[in-house]
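Should a chain be cited, it is by its letter among A, B, C, D, E and F, assigned in written order, with residues numbered from 1 in that chain.
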Amino acid sequence: MSNPFFQPPSGTDLPRYAGVPSFMRLPYLKPDDPRRADVDIGFFGMPWDGATSNRPGARHGPRGLRDASTMIREMNRATGQTPFKTANCADLGDVAMSPVDQDEALAAAEGFVSAMLAQNIRPFMAGGDHLCTLTVLRALRKLRGEPFGMVLLDSHTDLYPPYFGGKTLTHGNPFRQAITEGCLDPARCVMAGMRGTSYNNEDFQFGYDHGVRIMAIEECMELGWRTVMAIAREVVGKGPAYVSFDIDFLDPAYAPGTGTPEVGGPNSFEAIQCVRALRGLDIIGADLVEVSPPFDPSGNTEWLGASIMFELLCAMQP
Amino acid sequence: MSNPFFQPPSGTDLPRYAGVPSFMRLPYLKPDDPRRADVDIGFFGMPWDGATSNRPGARHGPRGLRDASTMIREMNRATGQTPFKTANCADLGDVAMSPVDQDEALAAAEGFVSAMLAQNIRPFMAGGDHLCTLTVLRALRKLRGEPFGMVLLDSHTDLYPPYFGGKTLTHGNPFRQAITEGCLDPARCVMAGMRGTSYNNEDFQFGYDHGVRIMAIEECMELGWRTVMAIAREVVGKGPAYVSFDIDFLDPAYAPGTGTPEVGGPNSFEAIQCVRALRGLDIIGADLVEVSPPFDPSGNTEWLGASIMFELLCAMQP
Amino acid sequence: MSNPFFQPPSGTDLPRYAGVPSFMRLPYLKPDDPRRADVDIGFFGMPWDGATSNRPGARHGPRGLRDASTMIREMNRATGQTPFKTANCADLGDVAMSPVDQDEALAAAEGFVSAMLAQNIRPFMAGGDHLCTLTVLRALRKLRGEPFGMVLLDSHTDLYPPYFGGKTLTHGNPFRQAITEGCLDPARCVMAGMRGTSYNNEDFQFGYDHGVRIMAIEECMELGWRTVMAIAREVVGKGPAYVSFDIDFLDPAYAPGTGTPEVGGPNSFEAIQCVRALRGLDIIGADLVEVSPPFDPSGNTEWLGASIMFELLCAMQP
Amino acid sequence: MSNPFFQPPSGTDLPRYAGVPSFMRLPYLKPDDPRRADVDIGFFGMPWDGATSNRPGARHGPRGLRDASTMIREMNRATGQTPFKTANCADLGDVAMSPVDQDEALAAAEGFVSAMLAQNIRPFMAGGDHLCTLTVLRALRKLRGEPFGMVLLDSHTDLYPPYFGGKTLTHGNPFRQAITEGCLDPARCVMAGMRGTSYNNEDFQFGYDHGVRIMAIEECMELGWRTVMAIAREVVGKGPAYVSFDIDFLDPAYAPGTGTPEVGGPNSFEAIQCVRALRGLDIIGADLVEVSPPFDPSGNTEWLGASIMFELLCAMQP
Amino acid sequence: MSNPFFQPPSGTDLPRYAGVPSFMRLPYLKPDDPRRADVDIGFFGMPWDGATSNRPGARHGPRGLRDASTMIREMNRATGQTPFKTANCADLGDVAMSPVDQDEALAAAEGFVSAMLAQNIRPFMAGGDHLCTLTVLRALRKLRGEPFGMVLLDSHTDLYPPYFGGKTLTHGNPFRQAITEGCLDPARCVMAGMRGTSYNNEDFQFGYDHGVRIMAIEECMELGWRTVMAIAREVVGKGPAYVSFDIDFLDPAYAPGTGTPEVGGPNSFEAIQCVRALRGLDIIGADLVEVSPPFDPSGNTEWLGASIMFELLCAMQP
Amino acid sequence: MSNPFFQPPSGTDLPRYAGVPSFMRLPYLKPDDPRRADVDIGFFGMPWDGATSNRPGARHGPRGLRDASTMIREMNRATGQTPFKTANCADLGDVAMSPVDQDEALAAAEGFVSAMLAQNIRPFMAGGDHLCTLTVLRALRKLRGEPFGMVLLDSHTDLYPPYFGGKTLTHGNPFRQAITEGCLDPARCVMAGMRGTSYNNEDFQFGYDHGVRIMAIEECMELGWRTVMAIAREVVGKGPAYVSFDIDFLDPAYAPGTGTPEVGGPNSFEAIQCVRALRGLDIIGADLVEVSPPFDPSGNTEWLGASIMFELLCAMQP
């Protein structure tokens, strides 16, 4: 049973729209707070969209997700879990990432995660664009000394070759970079949900060449999501694995608030089932990225993103 | 064949966006109008959200539903029904419910319904938050002298124990209250679509303890909606039953404009099939609640709500 | 291999949100541009909603579709096609259609298409309301000298009898008119996705009487979309056929920005599969109509419409 | 003192967001209602935008204005007037105007007004685009047998020569037409607020040639609105006069929801003062036009339009 | 010089959109935090709209104001003040106010303020609807033992007699109640900006009868805001005074996101000048109320509200 | 009289919402188009927001401004100018600026402008964020060999010292950089409209130290805008000068769609008068920057920005 300090207030005591909105209403602990020593899973934000090739706004993602996440209640009835009771969770704030200097931003992000890891806190990041994920992977790689697996739920592989005249660090490249740098073990990586128009086929080819299991949406729909996730579990295996969830995995009808939406995606019930299927894997870190509030007039994307984060949190627990 | 007085004007005569927007363009009859004597089914609004624990705005629901409902045409082609011809329908206006005094509001609402019942008019209510339904149930109970069944399509059971330090009358409690008060016969009650995070399991437990048939979304998706509705019909049986449709039954991609959306719900085709499956039951009253126009920038929720009301109206007829 | 002049710039060279937004970033060629002689497929707009019986705004459709279409990339990975390389495509601009004089507007539209056809350019029209399609059908009929088939994906048949006191030219009548005028061969016409309330059954009856194959949404969902499209291919056969895609074919959760939305429709994955299934037919022209940007706060409808246009473009090629 | 039947319910009895939304919550009287005999001032809508040269949507204006107008209370504190007590006011509904046939629409509109005039009801019209006004002017002219004066508050003169290849009936021409037809006495016409870019100067020149007093925004701002209105009263004199208020008179910051906004206009305080300054003129009819709800995401334009209508109603009374 | 602990991070260190959004990025201190002993001015929210007679949503005001307030920088250049350096400011969180029980909510609010006062913290409240203010006034009255003055900037007097059949506690009544209860010294109360339609004149009459100085908008515009504020300062005098700012003081073009907007109000420059003119008064507490984010699609109202709060904070300091 | 080729089509021939949206409907000329030799004033976009410290989205500015600018007509009635007839104007497209590499982006932008200048085309840039302006200033400086004057209408001086740990190139620094680099002659620079909270006073101090004439909003309002602009003309004198217009000069009620809005600004009438007052200066280039469409739900900001661009175009001509 976790520490009472880490229990969020119930919506029947303090209404859900009330209070300073930290992630899931968890306590917010600054870097020097001694209570961080007790934290198991650390929520934090990377409010940065400096690698976005299309519509910006993911810098506002962590704020939007925090706001919506206060509507989450304590219990996951479908799984019976009460994740705030089985792990000490906290909001560790946002990384101070320069919006005008990519190198500084990425360095600050990696440093922030490394500090968490040094305190034995599992990172749970809210983006920001997808390049943010690379900084978490790098910090995990340094800590662990060897590559690990990954499950990616996304409409894009993010394995593209350089953009814009040779730029290797954009939100279309993080996993190509992570494989090249040896953060990820491509044979234990699986990607599902890919769709939309493409510049060319180089991303898939890179994945195939390195042994990544890529499942385009047509294959997913044909197999059904249960089978997709069974394959995913098999590919990843029992070793340590990272989970990255790009909100554009979902059809834009469900998640319009994102930078590069692709039509023809799964619905929210399917997405939730996919996340629940991850339970039992050795998840060493996770993220939900690419929520862009300026493109989300109804607020649906923020709410869906926060709901997915809750399911991810549950999947990270026994 | 119903009275010509009760036929709404066709959209090919008066464009659908024209005219004073009563429900489905039906005649609006004030309480003292003698033509109420001929009414079979009475549409009316409860513009009230004083029991809302989360985002407000359902007080604007009746207005929004009236507006959207003027886009409805005369015929349900899927079922072949022309419901304005087989029953005299009218718009009986809105209940004057105090936004600042819950007791007065609930009393006024119950009185309004009782007056309709006294005129032998079947109530068809547009909410308003879900506590509004309790007032209809109470009025029906008084009239009939015994409890009746209910079909609830919703993402929540609304069977929760008291909120906010003991408050038994919120939009999370109406059916607990209705069962406790003896309005509903729990053994003839069925609830489908339940999902989302939960404070705890007390609502389900209350339902189970009283014999309510609760089908969480996972069960619904597993069984398929046809089976779900076959079970529902079996549970309810041939006796009198009320139908309550909370717009948050639908996934927020379909119905963002509501106070407490829960992701992972059914789509609109499925929702319509569920309603159509109710035809043939002995429906003694119905409602559609929790449409909150301020959270509906595209207007989709109002239009979907009005479309569901039309299907409900058809289901209430032979 | 198509002419390099007709290749749109890549989003990795010029960001997708940059530049003057022509359709798919293709070259814009005025009527007197000599390079039109090399064009195989001509995109153009009919910015007109003068036959709209409900909510207007489709006059802004071509502008909105152009804007969103710049997010399209070069390759259709699902089919392996690179349609800008296998046909010379261009943006031929918009027809100058009077918003205040229906006769003039329709004449101008037909003349514009006839000029394209005289240059041997296959027409690919972005509406505008659905009456715009009639002008394309008329021009094609004049050129070809005989009726042809049609696939209509829509929530309405648009086979209604006159509206508003005898008006035969509204967006509810184009195909009744086209059949009556001999543009379409009804025995080779198929319509799928029909749903929503109806004034009466005269439109279906007209279709049945003339041999049009109409598949209401219930039939489509029952059969599954693959079967639906197999039937469609059989009905249309090997002869020349036109494809008309009304954006309200999709459920309003996917496409809220339209004039006459009908709930209970297909999702975007299904819609895409339907379009892909058309490949191999002898498509002599196509359109996507009824996108109304003023009712599209999230921009989803424009983006979905542009994505469907890309799939239609692929389906028009071997 | 007016008839109690014509008193709208107070917002402290029935909340302002409740009830079927007629104009100002007044009784809605159908054409054959005998109580029309007692009506002094008749509100009605012309839900039509078939003469709009730019962004459409004014067909939704009457609906939007009715909705917002229910927030109006009984008393104009600035003037001390209680206009529903000093005149019998009612909502006479909307004209059934064909959206697809301009001639029919204009004929229906003129007929509707003529019927009101025959019952001695002063017309108070909610548009609809500005061509709607012409139908009111024509009906008044027929009744009265001679031209009358007019005050126009607008950003455009609407005195333009034919548009779109000779079309004389667009929303840019009504007053040129009305002067040409002899409805208006140009020497007793005043127009204030004109601004924005122009096709040419022919509209002003037409006005000058016929003796219309046109005050461009620069002159208005230089003189101050009190002086502007003093001039307006002098020009119009003691004879009968019509008042037409185009919502685009206001700066788009105040009224974004309109078809042809022009920046650099007056604010709402100034607009209200202008309307109040009309009191005491012999106002034979009035309108407020060009509110287009699809372009009004905040609802400000509808609310401002309804507020201006209330001030106009007060100005029409002693 | 204030405590470094109380300095918010600069936007050039941590971007303004980053981090957990407390008011003005100040430290958030729970009720039992010992550092509250050092606080001079305490920001807090009353997320409650249970007394709203019209459009709800002010319960979301504190959240929205916190979010926008993170865009505020350290210095008021116009006045030269750096208010976070001259007073220790903190965010004390939100009161847990029941959305379904008015009595409980008001009691909780008053208790929260009393606790602050007991710690010698000046209250600075973000609403919530205007009835929230009454709880602050009551707590201050209890503490001080005698009535005090008030400056109200608002479009309504909120001096209305009971609403909805005798309800004395709505957002239209707080100051009538506060005067009746002896919280306020009416002779030292001034109200400016009043406008809009009115149920009757009883509110003004109550004010006049008790000696409140009420300045309707026409008087304000005639005198000019400098004179208005000079009068206000004179009326209030040197004694202790409360300042209440209702966001609907501003014209809806500036502040659409509020429950009861009234057109014809001041602009934002004028509003700021009014607040600055309060500097030097003995301000014992202040609030900004009636921001309703669901009616604020552009976010302008939240940002304006936060900016006004900053000016109020400066006015509360020497 | 300018070349007929350069006349935009009239809105009475091709409706204003029709056609491919180039700036002001002018011909779009690619870099290698020989007709560029005849161009006097070249519109172009810098779709880039990589230096934005707050809310992003200005990368979408050129697209949004082009779209809205098609509503502009040919004549400026207030000044009598027909600017497309007195200068050959064209749309030269957008600069291909990398969203992920600031150095490359700025170099590309400067190169694009230098190429225009080499063809003797006066640059008229649509931003993008305010750092874009620096690239124009640099190109002009290289061409001319000496510093020049500037008029800045803005709510910020953009003279701030480095941000984010020493970054000198953000949208808060361009003019400090331009003065330091010798592009601008500070003694001939004037800045008006400054307001809002501030990190500190270093920007003003830098300006004062270098002789820039800075007029904060309080001074502007006190003097009146005519006097402000008279001073501006005097400071700038007869020598060459650049004009930069940041849309956040206007109050957010007029221009919500921008990254760093500041309340308390001028209205649109005042802004237009300011621009008109620039006529007669020796304007060697101009821009309008910081329009961010994702924050502009009503589209008002785009329309206002396009309208201001038209006035700037007129001010650049005799």
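The rule is simple: a residue touches a chain if its C-beta (ideal position, glycine included) is under 8 Å from a C-beta of that chain, and two chains touch if they have at least 3 such contacts.
Here the structure is a predicted model, which is why all the values come from computation and not from measurement.
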Interface numbering overlap (same over half, different under half) for subunit B and subunit C: different
Centre-of-Cα separation between subunit C and subunit A, whole angstrom: 38
Residues of subunit D touching at least two other chains: 13, 15, 17, 53, 55, 59-60, 98-99, 163-165, 251, 253, 267, 295, 297-298
All touching chain pairs, where touch follows the definition stated at the start: A-B, A-C, A-E, A-F, B-C, B-D, B-E, C-D, C-F, D-E, D-F, E-F
Partner subunit C, residues of subunit A touching it in the complex: 53-55, 163-165, 194-201, 204, 216-218, 221, 251-253, 256-257, 260-265, 267, 295-298
For the subunit D and subunit E complex, residues of the former touching the latter: 10-13, 15-17, 71-78, 251, 253-254, 267-269, 272, 297-300, 303-304, 307-308, 310
Complex contacts: residues of subunit B adjacent to subunit E: 49-53, 55-57, 59-60, 98-102, 104, 163-165, 167, 169-170, 294-295, 297
Touching residues (chain side subunit D, partner subunit B) in the complex: 13-15, 17-22, 28, 45, 47, 59-60, 62-63, 66-67, 91, 93-99, 297
